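Pasting the structures here.
In the two assemblies presented below, subunit A is common to both, partnered first by subunit B and then by subunit C.
After this line comes the complex of A and B, so read on.
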């Protein structure tokens, strides 16, 4: 893919929602926003990560907040551009590329909106290879890239810049602002050079999203998605309970699934904070962060985001391996189960 | 006064604590910080408000947060300078003068610290003629001066810039950051031209603080303070109960006083949010914002800040008239009793 046109957006959004592991936003909304931006400004040039020049100025953009809120209060296109322009102004540098902080139904498409608005190319990469709930949880953190100076903006025109002593402080202050702004804000963060981007980001994410989305749409096969991701199927069942609370700026909760087919008589519990963190079958952890836990409609292989989980849905839960750098000591410290309060070692896809 | 030397600081802090109406910080801490700054950088030139040139760039600085916290976690001198420098950098303009946002034991002295550090003169004025708990509650708001762009900083080196659609949004976002930063932050806000400062600020506040402080120290007479402020004595008694909670970033609460001398047999309740908002004697409101309600030690006429109110203290509660602009419709809307949730018309000093 050399550019993202209107025709790619549906597949990118579908695929991104799978990698979003329940978070990263509703693909329907992501697609709507990106389609409007591409209609207005034309297709967005896509640049492979290895082709980004050393001295490029790469700016990842994203929405921050609770996806439960974002399905009712849509991000505005202006808000996204405002966050990017505010940071560029503060840095006093010219941006050369926009990038994705994470993969997700909204967060893979918001950068398309920003790139279209600012007339900049988009890097075919992201900071995680999946979605995670907190700002500092990107591979660039491991490589010493600073989250700040960062900027945030709301749809009313309020905006701010943060310059913090570490990336955890950036998360804390930006999260409070997002909560004040109605539990969602547009952010531009982890501004980095091309050299830093090549070292620290995950290459090919948008291409992978497009491929996964196409695969899911054309085959409707969960097995095909599992195979493409090198993952495995954890559980097939029916959603029987969802406890969801929008708390401290996140969509937190648990979902209970009653097994069907081979899993009849068993129960799976999914624990999430925007994204699925842990999948537990009858008290045994089958998979956990940093690996991907994705909930797909059994019949269509479309991703179900945590905010849209509903009683009665028939779903298949799959696990897929995270970028290997997430399995290093630094990766586990940043986004392993213990960070989220689960006193277990990470349970991987091959476990 | 043409400059503030070490010898003035004690009186300025004492007087400022009286005008601080219970808030604005502990004068002991304000004096300590200013004394260290003046010792290091020399006396601070003081400029009368009417002498500030039209095209001056005046920057008020202050501490934001709960005074209950500030007595345990002292502001750092670096923090104050950082907030001012961060804003100057964002504005891309050179500051010419530092000013006080409000009168208060800390907040009249923090600008001395900033002025000394930055080598700038201090304007003999403030934004209220007293202290109020929220950021937008300054006379410049009435004159259309914007609180933002503003900057905030903590003692660890975290800092941020805000640019909001109105001054209430500035308060909201800056308050959340202050809470995250440990319930106290240094802020630089309401950057304005000399012309705007002359139109909207209260002249002579630092001179008045010095005079009041000297008066209180030399005479130890509450009556002398009352006379100088054109106020009246509301109640003399003993503190019998203080309910104080640090909540939503403020020191909120009530104090109950049992009457002595002429007030024997009566009870006064003071309700505060950092500052005293309402004084009620046996259920009748004797005084309310926007006028000043000050609690003074009966024996020494020294101010007692809300965070230092203690069972058994013998105090005299006085009221003094606010700057007349606080009694306009816009002033009452901004800082009258109804804004704070009391469904009453303002009760003035002469009521």
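After this line comes the complex of A and C, so read on.
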């Protein structure tokens, strides 16, 4: 894929919802914004990670805030572009490439808006290969890429630049600013050289999203999605209970599934915080973060977000290996089960 | 006495009720002009059971007319959408994701203006009266006749929508104005879409409501006329003129409400088997559970209150083949195509007759059908329907099943997983009965910032407001109950932002006609 056209966006959104592992919010607004931007500025050139020159300046952009706000006070293309231009101005460097911080939901498509708006190519890569809830949870953190200086902007033209002592502080201060901006801000963060991007980002994410979306749409087959991800099917069943609570600003909860077909008589528990974190069958952990746990409609293979999980749905839970770098000591420390409060070692997926 | 009428796409059903007793029931064909079908239905009731028109205390009508008008893009008014959001929201203007054919059908125009609120009630920007007057002038020049106004976070604070309506009305006194906070919930594009649809239907609504009223008075009935809403409560004719979208899903809702009354079950799954589809919904305390996700209408995403209904392509007219039943149907051609009517197509109705479940047409024409084939088709129908019922359940609690509609003879007496199927008397006209027994409701749906220690007080206020609204709409005060309460903390928002929804309903306060 050499460029992202209007025709790709639906599949990218569909595929991003799968890699979103239950989180990332409804990509609908992101898809509409990307479609509007591509309509106005034309298709966005897509550059493979290995083709990005060493001295390029790659800038991931994203929206930060509450999904509930983003469906009401709609983000604007200008706001996204402003965040990127502000950071470039502060750094005194010329931007050459836009990138995705995460794969999943609205933030797989916001960079398309930025690239179209600024007339820059988009790197076919992201910082996670999946979705995670906090800013610092990207592979570039492990490679010493700093989240700051980062820029944030609202729809009114307010903007700011943060420079923090570490990436955790960047998450904390940027979230405070986002709340003051009405719980929705555009951010540009983890500015890096082409060399750093090649070392620390996950290649091929947008192509993968497009491909997964196309597979899900045309085959409606969970098996096809599993095969493409090199993962495995964990469980097929019916949702029989969903418990949710809001805790420190995140939607945490559990879903219980009663097994069907080959899994009849068994039970699976999914634990989530926006994204699915742990899958446990009859008390045995089958998979956990940092690997991907995705819940798909059994019949359509479309992703089901944690917000939309409800009693009676027939779903298939699959797990897919995360980028191997997430399984290093530094990766586990950043986004392993213990970071999310589960006292277990990560359980990896073997296909 | 009261009369309930359900005007569907194919049939107009009517019932005459005394309290909850069915005095007369009739099915007639829906007519192109709707009103003559209604007149025929009322005549039919009169012939079955002579009644004094003056003794009718109320007439309730459920109609699919407005949703059909939208789907067919028929007789929609030239409409403008005004969004109060600048500097936010400019990248996705109103009607951004509409099918072009519908934008054209309403000659849709969009205006972005300053205004809107943040999630916590701060202003995004102040309203600019001059800007709105200029927009109004442009609308006037363009021949706009109906205006939809949407402000960011208006479900939290509606002040800007109300002020903008005043300014535009002052410039264009003859245009109809629809405000989004009265129509949809959080989710700007979906609420705005619903509001624009409502606006586009306003002229037709006035026309239809006049026609309905004329057909009732033409029958000598002077009692008030009500229309049934998506949620199973009633609206008076003035409300119907202003909120035609509120009638969109009254068909399935009326069936469900009728099923509740006829079966005496107020928490159950209802399967309404028609000619082409089976619709399955769930009643909680006698009212349909609402869809929590966005509902697409004629290809437009909306978020107004609709019952949560799942439909499958199984009905009396479904074609039966060795590999399955439906989803295609012979539809209105049943009486010429089905085997029992001398046709050449094997339909679900033929199966019902062959199985001895119904006496329709000529049973000898299906006597040759193999027992295995008949049983396999019935099993298939039972399996598919029980699957949908299963999907609609939201808890592991047992949920009784009530079957209504003319095609419900296709269902067995027991469904696997749900047990006995209740098939009450008068099941074929459950929808008209649902309309006739509908109550009056009042609702509050708002995001509150709940200060520490204030939770109970906020909830009490919300409940009282819902009760007051029901009484103001015509409910008899002593009969008003809270039937639905829902409290959902909103993640990521500070200040304990909580969305509270309360619904109160009561019996319609009837006049003292004897």
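In this text, the second predicted complex is superposed on the first by the 324 of 351 C-alpha atoms of A that agree within 3 Å, B and C clash if a C-alpha of one lies under 4 Å from a C-alpha of the other, contacts with A are read in each partner's own complex, and residues count from 1 in each chain.
Here, contacts are C-beta pairs under 8 Å (C-beta built on N, C-alpha and C of every residue); 3 or more make two chains touch, one makes a residue touch a chain.
Keep in mind the model is a prediction, meaning the values are calculated, not measured.
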item	value
Contacts of A:288 with subunit B and subunit C, given as first, second, both or neither	neither
Touching partner for A:308 - first (subunit B), second (subunit C), both, neither	second
Contacts of A:68 with subunit B and subunit C, given as first, second, both or neither	second
Contacts of A:298 with subunit B and subunit C, given as first, second, both or neither	neither
Subunit B versus subunit C as contact partner of A:78, first or second or both or neither	second
First (subunit B), second (subunit C), both or neither touched by A:179	both
Touched partner set for A:273, first subunit B, second subunit C, both or neither	neither
First (subunit B), second (subunit C), both or neither touched by A:163	first
Residues of subunit A that lie at the interface with subunit B and also at the interface with subunit C	156-157, 179
Subunit A contact footprint on subunit B (complex, rising order)	86, 90, 156-165, 169, 172-173, 176-177, 179-180
Subunit A residues within the subunit C interface of the complex	28-29, 32-33, 36-37, 65-69, 71-78, 113, 155-157, 179, 182-183, 240-241, 246, 249-251, 308, 310-314
Footprint of subunit A on subunit C - complex, ascending	85, 87-92, 96-97, 116, 118-120, 122, 124-125, 152-153, 186-190, 292-293, 301, 390-396, 489-494
